[in-house]
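A, B, C, D and E are the chain letters, set down in written order, and residue numbers restart from 1 in every chain.
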Amino acid sequence: ADENGYIVKATNEDSKSSDNDLVIAIEGSVSSMDPANIPDTNAISATRGVYETLVSFDDNQELVGKLAESWEISDDSLTYTFKLRQGVKFQDGTDFNAAAFKANYDRVVDKDNNLRQRRTFIIANADGSETSRVESIETPDDYTVVIKLAKAWAPFINRLTQFCMISPAALEEYGNDIMNHPCGTGPYVCTEWEEGDHTSFARNEEYWGEKPGVDTVTIREVPEAGARTAMLQTGEADFIYPTPSDQIEAIKGTDDVNILTADSNIMRYVTLNMDLEQLSDVKVRQAMNYAIDKDAYIQLMYSGYGKPATSVVPSIIGGYEEQEAYTYDVEKAKELMKEAGYEDGFKLTLWGDNTTQEIKGMTFISQQLAQIGIEVEVQPMEPATVGDKIYVDKDEAEINMWYVNWSASDFTMDGSLRSLLYSSMCPPTSANTAYFNDADFDKDLDEGLATANEEEQAKYYGDAQKIAWEACPWLFLGNDQIIYSTKSYLSGVYVSPDGAFNFANATLAQ
Amino acid sequence: MAEKLLEVKNLRTEFKRDKTWVTAVNNVSFSIQPGEILGLVGESGCGKSVTSLSVMGLLARNSKISNGEILLNGKDLLKEDKKGMRKIRGREVAMIFQEPMNSLNPCMRIEKQLTEAILLHNNFSKEEAHNRAFEVLKSVGIPEPDMTLKSYPHQLSGGMCQRVMIAMAMSCEPELLIADEPTTALDVTIQAQILELMEEIRAKKNTGILMITHDLGVVAEMCSRVVVMYAGRIVEEAPVHDLFADPKHPYTQGLIGSVPKLGSGVESLPSIPGSVPDLSVMPKGCKFAPRCKYATDICHLQEPELVSINEAGTRKCRCHLLNKSGKEA
Amino acid sequence: MSEPLLSVKNMKKTFQANGGMFSKKKLVHAVNDVSFDIYPGETFSLVGESGCGKSTTGKLIDHLIIPDSGEIWFEGKEISKLTEKEMRSLRSDIQMVFQDPYGSLNPRMKVQDLIGEPLLIHTNMSAGERLKKVHELLGTVGLSPSHGERYPHEFSGGQRQRIGIARALTVQPKLIIADEPVSALDVSIQAQVLNLLQQLQKDFNLTYLFISHDLSVVEMISDRIGVMYLGTIVETAPKKELYANPRHPYTRALLSAVPIPDPDLTKERITLKGDLPSPSNPPSGCLFHTRCPHCTEKCKTQVPTPVEIAPGHIVKCHYPELTE
Amino acid sequence: MGRYLGKRLVSTIPLLLVISFVVFMFIHMIPGDPARLIAGQDATKEDVAVVREQLGLDEPLLVQYGQYMKGLFTGDLGNSIKNGKTVAETIAPRLKPTIMLTFSSMIWAAIIGIAIGIIAAVFHGRILDYVGMVIAIAGISVPSFWLGLELIQLFSVGLGWLPTSGLETWKSYILPSLTMGAGIMAVLARFSRSSMLETMREDYVRTARAKGLSESLVVMRHAFKNSLIEIVTVAGLQIGGLLSGSVMAETVFSIPGLGRLLVDSIQLRDYKVVQALLLFFATEYILINLVVDVLYGVINPRVRYE
Amino acid sequence: MADKNTTSTINLAAAEELPKAQSKFKEFVKKFMKRKTAVISLAFIVFIILMAIIGPYVVPYDPQAPDYTAMMQGPSAAHIWGTNEYGQDVFSRLMVGTRLSLTCALTATIIGTALGVVLGLIAGFYGGIIDSLIMRCCDVLFAFPDILLAIAVVAIIGQGMVNVMIAVAVFTVPSFARIIRSATISVKQAPYVEVARSLGCSNMRILFVHIFPGTIQSMIVNFTMRVGTAILAASSLSFLGFGANVTEPDWGSMLSTGRNYLNTAPHMVLFPGILIFLTVLAFNLLGDGLRDTLDPKMN
């Protein structure tokens, strides 16, 4: 890919669209249109057509104001004050204001509503009780919102990029059926949501900001990669996402198609159960990291569209610091194995999801580790089954290795590491499946969380990364890139690093 | 003698079995006059049905007629094309079969099955065809033709089905009726009814009937002349009285002898030893020789010819012993 | 006369016949109040038209089906209510020969295994002894031991029927139920088998229940005859008596309907009207009244009782004296 | 007829009850915790517990079954765990595509399959027979997803004649129905051929020929009508198999149908949706078989009347 | 002319020449050999089975050895059917994959057949309530689309070859039970079964000596066809992500993985596809051939 992210740049730059209707073909489904109850990134993407948040990430991953014109965070990282944009109207004609924010907050934290987003604001405790992160919300005037946290919590502002504003009037009318009657402040009005097939939008003519260039947008759900590619080639779709790297060759022949990449926040790795006798020795774990040809991995899995991992988190995460690479070196790996007393290797099982892509990755790992005498049995399972086997009490744990990936949708270091490596987060509590237990690391994470000061955070988080990197609780594989393809006459649609696509500014050249 | 309605000359019909052709009917000749009932008798597998199907042009696909002529009113049926044959079938020659229950389409009402042929061969309206169907059913002695027309075959008894079959065959007033074992599947009391009916039809319409059967009793009651077949060949032909009074061929003798006669009071029967030879392993000489108690060397070596054995030429027989001595065995 | 070997008393059997898809099920009265005796060494024949219940009677006696009511005494023992297990030991005394020589031999078994099967079940003979016995029997029915190695499909109909007979003979039964053993055979073969049956009866002192629809065959082989119509026996008589002096109008019609292979013999034929009534809906009164040329009002309403008009000659008719 | 239908329908109720119970137990026996799936990998044990309680999955299994049955009789099938939609809402929009697809593929498969079968039987032993049977057996031998993908390559990408996905116009039904119907077409072709060969040997066909009917009339009016009796039965059985075919076609051609919904729901352990779907399929299967039986009676007078 | 033989009226047929005694098997073989397509199919299947046995020892490449320098190459002299995404030799993998695919399909079908046959025999023979019970159970199984049943089974007991086998076996059972039941019922009505009862055979003897052999024909025929179905089912399961998908090669997973490279490396789909197609075809043709050979009416 070139510096602008083009893998393939259309040779035919002057092609024109035959209509002003944008069709986006995606792999998964838009499984929800209630922004407070979102199961996946496709739903995030789709709801962002209709709904907006106070703050959001721009295409450079910088926080910018959206429905908030400005905001301030107090030095103790406890008080957040937002100045709201004025003159914004919901699609049902009602005003957006501080009361609307409050109404949305109240809805989300109401236990009876049973919404996924509730966890952003409420912590469930082991004894069944609950603690609220937010101590109070005040609205000194119609366009000011003051939020006081009970305890400093650095990711809070990032989390607000997920908190969409729904018209309180519509909420009043439809309650939780709001998903079938979306009503926000966004650039599009949702005209139809047929889960499993398509979601359609029309331009919101009353939009407060710059109005989109296209008349309508249709998100089509096309699970088969080949079919998506075919749609792009035939012009049935203007934008397809994701484009598996295997399809690139196929698309290249079409002269009016751009294939683009973007860095992602996805971390690909294999957890190593450090409680396991063979894996308890750091030398073994390092040997395994040395034994894996990360470049070949990226080549095989992503046709080269990715980077070998350079830390425990992708570079796009705030506080990222590059670590010294475990360069592919089978000899060194063998040496380390020998030192650890495992010259003749041993056997392990590798768990993972049962998709073709995951199996391919697991197969690769097993091929690589075979070089240093570790015989890996690949055991693909349904995601639900994997979950069942992972989240068991410590003494029942059967896990050896788990081929998995992680993306922190809030782009914070804490979101990236806490549930995966914090000592108290071992299953069944959460997903520390390496059973990594390092007091210094824990301390670094806690300190980093308690401050909103970036410099301080950088210090703690840099340290944490170093500890984890050297201890090798995982096989660090890589960070793949997002690949998507568009017709050259389409502009303004892109995929952000969290995997959500953004079509607010779509324009089709006529 | 009147002119011949049907004349079969040197008919030879073969079947393909395992890539080789076997002859099921060999050099068969006979004729039928209008209003005559000719009996064709012989044991199972001797080629009676194949002969009749050859006349109808309804042989299975793995067959061919390799020799002979079949003249119907002087017209050679073997020279007719498919379309021509279709016009003749049902219209000039009709046929009824052994299993009346299976010979009617189980999914079609009797009316449809009857009118089908009527409409095909006549320029009738549906109404006329219906009336005609009603009439023929009545003429074959069905008590409630209206009910029967509306019925499906399985709702009728075997005897009724055979009446319907006869009605169907007679519906276009054919000149020749081929009845392939028309009563074998029926009970004696019903058989009696059907035979009576056929005799009636013959008398009224002067229809020539080829009556195929293996029941010598039926032959004795119905036919005026008889052709006896064995292993695909005619072994004897004679007027019915002569045949029963004085059978010439050893097979005919055996056949007549082995039938128990009602009221004869015999306790045991003479029988023909052995069984009919298989088509593909036919003996070389006289086909009956292996079972014949009179067989001599020549019988095993050379097949005898079918020759006239009386002045009038009404009797024919195929036997070496007769030829040589000129008298009966 | 001696004690009967087999005695059937008022036996009845109805079947559930499938009705149409959209209609009710029906009851078929297959055997309706049948009684007769068979004495040792004799041949008792049942004649009648198709569906009149002959085979059912045979199967009831052979305990292949269980009668609804009535008794079956065999050698002084009531056998109709025995269980299948209790019956098994009796099976060597009663054997059956079936109509269909093609279907009644298991096509997947060698002839010697077929014939030897009853021995396997009923005796403790070793395989060698069994084979010896089988060869002996093959000889008895006019086949050679080498035939034992073959499969049924390699035999002609008459030969198969011989195999069936040999099998029935293996365990030296006292009674053989022969259900239309020759009706599937060609005349020339039929004579062979009939002769064989008679020869065997002499040689082994067998008792036959001979079932047939062919009056001329029955005449040849039987000592006494029962004529069945619609599930009941309408007339029972010694052979000579029956053929010389048939008393039931049905018997007379039946006899007159048989075609005689003699063109010179012209006889008066009684043609019956109509068809056999359906056994699921039998006529009231005398079962034969719908087709009887002498039917009266009484026949339509009253069931006739059997009367013995001569020694051993029993008729079920209101007017047994009537002649044509 | 009405009585017969009534009886048959009533007798399906216990069967459905058994099926509902089996399905319920079956589904809950499958390992995998929907609460965990919803809460996400990083959720804590406590978070998961909250979700589980909200879904009512913390009750004993039999209590859950009781509630489910209660809901079933009051017409409340519960809610999907994915997005809180009611099960009815979830399933309803998926019905049409699957049913349309099932029917369109059934129809073409039946027409073509039976036609091939008849032609092959009529030309028994000749070249047309072989060609017909090769087509038929090919239909059973090709993995359906493979066929689907190759069809897309050929007709959509290569020739550009037909759309690759979706169900907007009649054109979009062509490829998926071809994919789905291929197997059934093959089975029907083979079956109608052998059934036709059998009926063509029947005596009444010979009778029809003896009447002087033309060969086409003999075949269609006499032989085919009788073969149809058996063909209908086989066709009915095939419909059950069609639904699994629909999973493939729906996946390859991006059709939002019941098959895909079921696979997705199983993977998500969306119990309520899976239960409802399986019950729906079972009912459909039973009803189709009932229709087939009735049809069988209508075609076959021997069954209809005594 | 004098009678040569007038003595006995029982005329012994012993002297009569029967057609040459032929074992049923030989006759069957003779008839079968005439069906060219079936013979070719059988030869192909034998070849495939042979590959399953000796494949691993004769193929040109180690099917497991990756070669990242030769990824997704088209057919060439070095790799006659090209290489896959790991640079493994497609030909070698397919040949070795024969073992897994065939074992899976055959075992699954055998298990399913065995169960189905026993159930079908019992249902058909005893009839009544037992029959209803068994057939209703089969109806329940039938009512679920088979692939979904398989998914459920795999979901319950996990993924892997054995489980795919069990899954495929499970949905083989009801169809076999049905077929064997109707075969049993029709054989049960054969006169020779009644004869067996009249001879005093026990139920078990009747069932296994007289009835069971009569159903073998439909069993064999359906078995061959079901093997084809099983191969397809296993690959369909792979496609949906429930396959045997382990590192060892099998046709189904090769085909379903290959579909991702339809444009760039069509040979990765083509060859497994063709091989599956041919094998299933061969089994079906063999089934057809057997049916025709075993069907007395066809001769």
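The rule is simple: contacts are C-beta pairs under 8 Å (C-beta built on N, C-alpha and C of every residue); 3 or more make two chains touch, one makes a residue touch a chain.
The model shown is predicted, which means the values in this text are computed figures rather than measured ones.
Contact with both subunit A and subunit D is made by E. With chains reduced to the mean position of their C-alpha atoms, the one farthest from subunit C is A. Of all chains, the one whose mean C-alpha position sits at the greatest distance from that of subunit B is A.
Of the two chain pairs considered here, C-E and D-E, the higher C-beta contact count falls to D-E. The centroid of the Cα atoms in subunit D and the matching centroid in subunit E are 23 Å apart. Averaging C-alpha coordinates per chain places the centre of subunit A 88 Å away from that of subunit C. With centres taken as mean Cα positions, subunit D sits 53 Å from subunit B.
Averaging Cα coordinates per chain places subunit A and subunit E 47 Å apart. Multi-chain contact residues of subunit E (touching two or more other chains): 9, 11-13, 19, 155, 256, 259, 262. Multi-chain contact residues of subunit A, defined as those touching 2 or more other chains: 226, 382, 384-385. For subunit C, residues that reach two or more other chains under the stated contact definition are 158-159, 192, 195. Those residues of subunit B lying in contact with subunit D across their complex are 56, 58, 61, 82, 85-91, 94-95, 97, 99, 102-108, 116-117, 120-121, 152, 154-155, 165, 168.
The touching residues of subunit D, counted against subunit A in their complex, run 30-34, 36-39, 41-50, 54, 82-85, 89-90, 93-94, 97, 149, 152-153, 156-157, 160, 163-166, 251-256, 260-261, 264, 267-269.
Touching subunit D in their complex are the following residues of subunit A: 29, 31-32, 34, 37, 39, 114, 116, 119, 124-126, 128, 176, 179-180, 194-198, 220-224, 226-227, 230-231, 233-234, 236, 382-385, 387-389, 391, 404, 406, 415, 418-420, 425, 428-431. The part of subunit D that touches subunit E in the complex is made up of residues 15, 18-19, 22, 26-27, 29-32, 133, 137-138, 140-146, 149, 153, 190, 198, 201, 237, 240-244, 246-248, 251, 259, 262-263, 266, 278, 281-282, 285-286. Residue ranges on subunit E touching subunit D, taken from their complex, read 136, 139-140, 142-148, 151-152, 155-156, 228-229, 232, 235-236, 239-240, 255-256, 259, 262, 269, 273, 276-278, 280-281, 284-285, 288, 297.
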